[in-house]
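Each structure below is given as structure tokens.
Two complexes come next, and they have one chain in common, chain A, joined by chain B in the first and chain C in the second.
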Partner chain A sequence: MAQISEPIQTTRDSRGWWARNQMRAAPWLFLAPGIVFFAVYVVLPIFQSFHISFYRWDGLGEATPVGLDNYRQLLDDRAFYVSLRNNLTWLLLYLLAIPAGLMIALFLNQQIRGMRLYKSLFFFPFVISQVVVGLVFVWFYNPAIGLWNPLIGLFGFAPMNILGNPQTVTYGIIAAGLWPQIAYCMILYLTGLNAVDPEQVEAARLDGAKGLKMLWYVILPQLRPATFIAVVVTVIGALRSFDMVSVMTRGGPFGSSRVLAYYMFEVSLSEYGFRMGYGAAIAVVLFLIMLVYIAFFLWRMWREEREA
Partner chain B sequence: MFPTPVERQSAAVQATYKALVPLALILWLLPLLMVALFSVKPDGDFAAGNLWGMPSRFAGFENYTRVFTDSAMPRYLMNSVFITIPTVIGAIALSCMTGFALAVYRFKGNIWLFFMFVAGNFVPFQILMVPVRDLTINLGLYDTRLGLVLFHIAFQTGFCTLFMRNFIKALPRELIEAARVEGVSEIRIFWYVVLPLMRPAIAALSVLIFTFIWNDYFWAVVLTQGVESQPVTAGITAFNSQFRAAYHMMSAGSIIAALPPVMMFFLMQKHFIAGLTLGAVK
Partner chain C sequence: MRFTFKGAAAMLALTTALALPASAELTGDLRIFFNDQNPAPRAAIEGAVERFQALHPGLNIDLTLIDREANKTQIRNYLTANAPDVNGWYAGNRMRPYVSAGLFEDVSDLWEGPMGEELASTLPALTLDGKQWGVPYSYYQWGIYYREDIYAELGLTPAATWEEEKANCQVILDSGRKCYAIGSRHPWTTGGWFDYLNLRTHGYDFHMELTAGEVAWTDERVRETFAKWRELLDMGAFIDNPTAYDWQEALPFVVNGEATAYLMGNFVVAPLKEAGLTDDNLGFYPFPEITPGIPRAEDAPTDTLHIPAQAQNKEAARAFLLYVASAENQALMNEILGQLPINSTAEVGDDKFIQAGFEMLSTAPGGIAQFFDRDTDAEMASVGMEGFQEFMMFPDNLDEILNRLDAVRQRVAAR
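Up next is the complex of A and B:
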């Protein structure tokens, strides 16, 4: 090897710097624009937010360093706890999208005429912007014009003002958010079901497995990649619940439907004044919660990469 | 197939199933159907208490026309187009290159750079909000479409890099090795060998990113303010205050605002779902 690589080296030398070094330079050349953009707009701002959270700052004037004051203030802030609790509710209830999506996928995994169109129409709420989904549900719940009250009236329930009641408002928004999320999980599972090994299913059927038993022992293990993605996107969706809250209630009534993502925005950029430092502290808390999931996801990816 | 195909069941089960599917669909889309119905009703129906019945006359045409003639909606829609399209092009261009570099070359830190892109993609927007807004103001790009586009390109590059890198990694490596043996330069390998093979990935990502960006609301309210630059997701709020309590107009406006990604989805369904379900199957 050494003997033949020597002369090649010399001929390459005469071809200039690029020809000699392109294998080493090329990756960085291709990466440079992406890294620059990503560093400036995503990576650095994370650190800057941590930094800002130690200051009191209105976004325009001079920033005053206040140490951990913002975090100390958070501990006494009732609105912060309300948001945190609502985030938890979001997270737990949002996970219902996964079994619900699976159920719809199982229901639709048939080959009757027009099924393709049915599947697309079931999926359709996911394609609509969350803003419009929010508006649609605001009108749907509206006691004066919405179909919700007549609908539950059919089952003997008294009319209710879901978004006007601090007890029910968060559940109302979550239900609206679940709508597109269930559609997303459904499509993940439909794709997964498509790839389920038919021979295994037939073999299990010959062994007398059917119904729930078949689902649990034969189908679900094969759907694991779909379930994993469904969990990841659902958790992230739950923690990103800004749009719905903003459009449907603006955190109301009386701040009872705030979530961290919305409260942070409210504190930093709304009529209550520009408290960037305090907002950044809330964002840091939200970020740390999310970091648990990011770490889990990366760990899993890293394991897969090593196997590959 | 699981569950058992209905064709193997009795005729009664088959008939029940065929009736149940459209019924379930109607229930599933009920909130949306209500809004669609509102949007074709004349104003008078709401005052007369005819909410969910048949419209007294079909007013869809005039309602939807009014959305375009009596409001700033066309402007918002144009803004959305001029924010979304450049973002799609920019993010795809950047991530074709980053994805190629991370998939093809072995170098120190490769996996860490890849993880940086992946992790950044999951970050909550709020942790970026204050610094990004500040940066945009300092660049003189606050309340401009360009300001939004630059941020969106940067952020979407994370997801797109994940997607592109995994796609290129699955391509046969021999193609690249063969080209190298022939003495083809790395840049030409990217352009003439790999890029043509990436067409399906580019198509899938384009529709996905189009939808994500068109539907973005958070950054629209953080980085823009007025009719000059706001996309339709943010503009719909102004639209709704203009037509306060005019439910037929608000409904028509919302449907218009939601329509472009919906059309994109139905036109490019195969690519859209391929992109969305990447990794759902081993």
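Up next is the complex of A and C:
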């Protein structure tokens, strides 16, 4: 053994460490900047949030350790439950973006003159900033000057104050948020439809499949990767729905449109906030909820990979 | 021109040097962070800096203007790292976090001089823990801005008592208008209504005890205040759907005559005039008396300058604060700001509303409150104004709201 391996080792040594390990090291080198930033700006702050949530701290003075007090306070904080319930409403209704996006994508997936223009028009709301979408809808809903009340007036409905009424405000904001989200899902499905195998469609057609059956048994299974991404993106988008709430209502009226992300911001960083420990506790709860979803989807992905 | 300006500056410097022979020549850098970028405040502070520069040519003054809202979060960064020598902020409880954290310089020494007497009206607002932490340069009155022409048309005169106010309001309502515009999408506007109803029903001392967290929100006296508010709500005195508008979006109701009055700070005059109202059809009167015999107290939020504890050039900063407090400077700055000087020897602008505010505040025997969100703890302020917003929409929720507010009060008091 020694006699054989020795000459080989000397030739290896002569190539140097870099030459020998180039293939293995290169991916890590390329990943390094990303890993460093991810660790410093994402992973580390997660642990910091956990840490801060056990303190009472105004961000300036000394932090006082308070154990689980912040979490105990959360348990009987009405605003926390309102935010949690709104988060769930967001989650459920936001998922409507997926079937809506699919419908529009199927509709737009045709060879017609000027289709590119229609596609870009449908995609338009995703391109403009969320802040602009929010402002447009604020004016749209405005009971004094907005178009909404005259519009429903045509159908005989009484005027509404959508963003000022605690019963309707969250639905009003979700509707505004759905507009760009549907466009996003539509794009995901349009690219997915490009990859649908025409031979399978042809074969299905010969077997007499059409309409909904064709969609359900032939097209949708092939769109599974697109559906998967759409669900992940929509769920996470719903959970971190911050910008719309901030722009349209700042969580009002009297906190009825708050979501956890906005409540966290309000408690820790807004004009009347700076209760860092309490804000961190909310962040931890939000993180744990997100973790459930992320873990579920990662597990499903892993299972499918293994089955494949 | 330039030459004459320089000469004038030199003359000015000379005369001050004669007037204040004891003050040593100031040198080095003086960094000022001012918390407003709007045209008028900007011109006011730039003017003050220019005049101070002329007095101290050896000083290298660097003025940074920060957006008013952005400053509310940035102050925490710049006070702890790379502090300026002077920064802008607010009086009252709003100073508390920075005073407690030792980030503001104690400037009680400035207040011991003649300056203290000239600024006496705001001494309580700048005092925490028995010391003074800054110097005010301006304040403005709150009160009822109303459409004089509509009042004249209906044969009304501004009310002096609560009964008159409600009687006036009924006439206005009967004419198909609303009495008060309010935009409560950002709920701070409701704080003005609560402040005045509470100050007029129970007086300054009770209001201060309540905002300091010493009285329970479930106290019977607090309910009396809300009962007065409810009288107006039951009449339908306010515009519909106030939660849909912010304070600027509620202005058109007054401009178009759909609502006849607006309880606001004096900053409301400028946009109302821009929208077409003039001194002839826009008037002002103090919030009417509710409980007879209670000394009249007013809201007058005060804008202030402070020295960060970590400032490099505190000597120059103190000199600047003294200059800002002077009668000459306060008159000039507030002329531009369209607000009131705090220095009692300063001249007041001849604007109709400034004069009315000066008259009202200088004769207020009860005391001067800052504003709900500056007098209370920050958490209490946010939950409180949210509660007022809810009360205006659902007056029947009062018990639940008060219980909630008192839970927050107790928690704040416990820490």
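Some observations on this one:
Going forward, the second predicted complex is superposed on the first by the 264 of 308 C-alpha atoms of A that agree within 3 Å, B and C clash if a C-alpha of one lies under 4 Å from a C-alpha of the other, contacts with A are read in each partner's own complex, and residues count from 1 in each chain.
What we mean here is this: contacts are C-beta pairs under 8 Å (C-beta built on N, C-alpha and C of every residue); 3 or more make two chains touch, one makes a residue touch a chain.
Small disclaimer: the values here were computed from a predicted structure and weren't measured.
Counting the residues of chain A that each partner touches, chain B and chain C differ, and the larger count belongs to B. In the superposition on chain A, A:G255 makes contact with chain C only, not with chain B. By the touch criterion defined above, A:G59 lies against chain B and chain C together after alignment on the C-alpha atoms of chain A. Once chain A of one complex is fitted onto chain A of the other, the partner contacts of A:R78 are limited to chain C, with no touch recorded for chain B.
Look at A:I152: by the touch rule set out above, it reaches neither chain B nor chain C. By the touch criterion defined above, A:W302 lies against chain B but remains apart from chain C after alignment on the C-alpha atoms of chain A. In the overlay built on the shared chain, the residue A:L269 is in contact with chain B and with chain C. With both structures placed on the common chain, the touch criterion links A:L163 to chain C but leaves chain B unconnected. In the overlay built on the shared chain, the residue A:V247 is in contact with chain B alone; chain C does not reach it. Residues 59, 269 of chain A contact both chain B in one complex and chain C in the other. Contacts from chain A toward chain B in the complex involve residues 18-19, 22-24, 26-31, 33-35, 37-38, 40-46, 48-49, 52, 59, 106-112, 115, 118, 120-122, 124-125, 127-132, 135-137, 139-140, 145-147, 150-151, 179, 184, 187-189, 191-196, 198, 201, 210, 214-215, 218-219, 225-226, 229, 236, 239-240, 242-243, 246-247, 260-261, 264-265, 268-269, 276, 279-280, 282-284, 286-287, 290, 293-294, 297-298, 301-302, 305. Residue ranges on chain C touching chain A, taken from their complex, read 69, 72-73, 76, 79-80, 97-98, 100-101, 103, 184-187, 240-245, 249, 252, 373, 378-379, 381-382, 386-387, 389-390, 393, 404, 411, 415.
Every residue of chain A that touches chain C in the complex is listed here, in rising order: 56, 58-61, 73, 78, 141-144, 161, 163-166, 249-250, 252-255, 266, 269-275. By the touch criterion stated above, chain B contacts chain A in their complex at residues 1-7, 17-18, 21-22, 24-25, 28-32, 34-35, 38, 46, 51-52, 94-95, 97-98, 100-102, 104-105, 107, 110-111, 113, 115-120, 122-135, 150-151, 153-155, 157-158, 161, 185-187, 190, 211, 214-215, 217-218, 221-222, 233, 236-237, 240, 247, 250-251, 254-255, 257-258, 261-262, 264-266, 269, 273, 276-277, 279-282.
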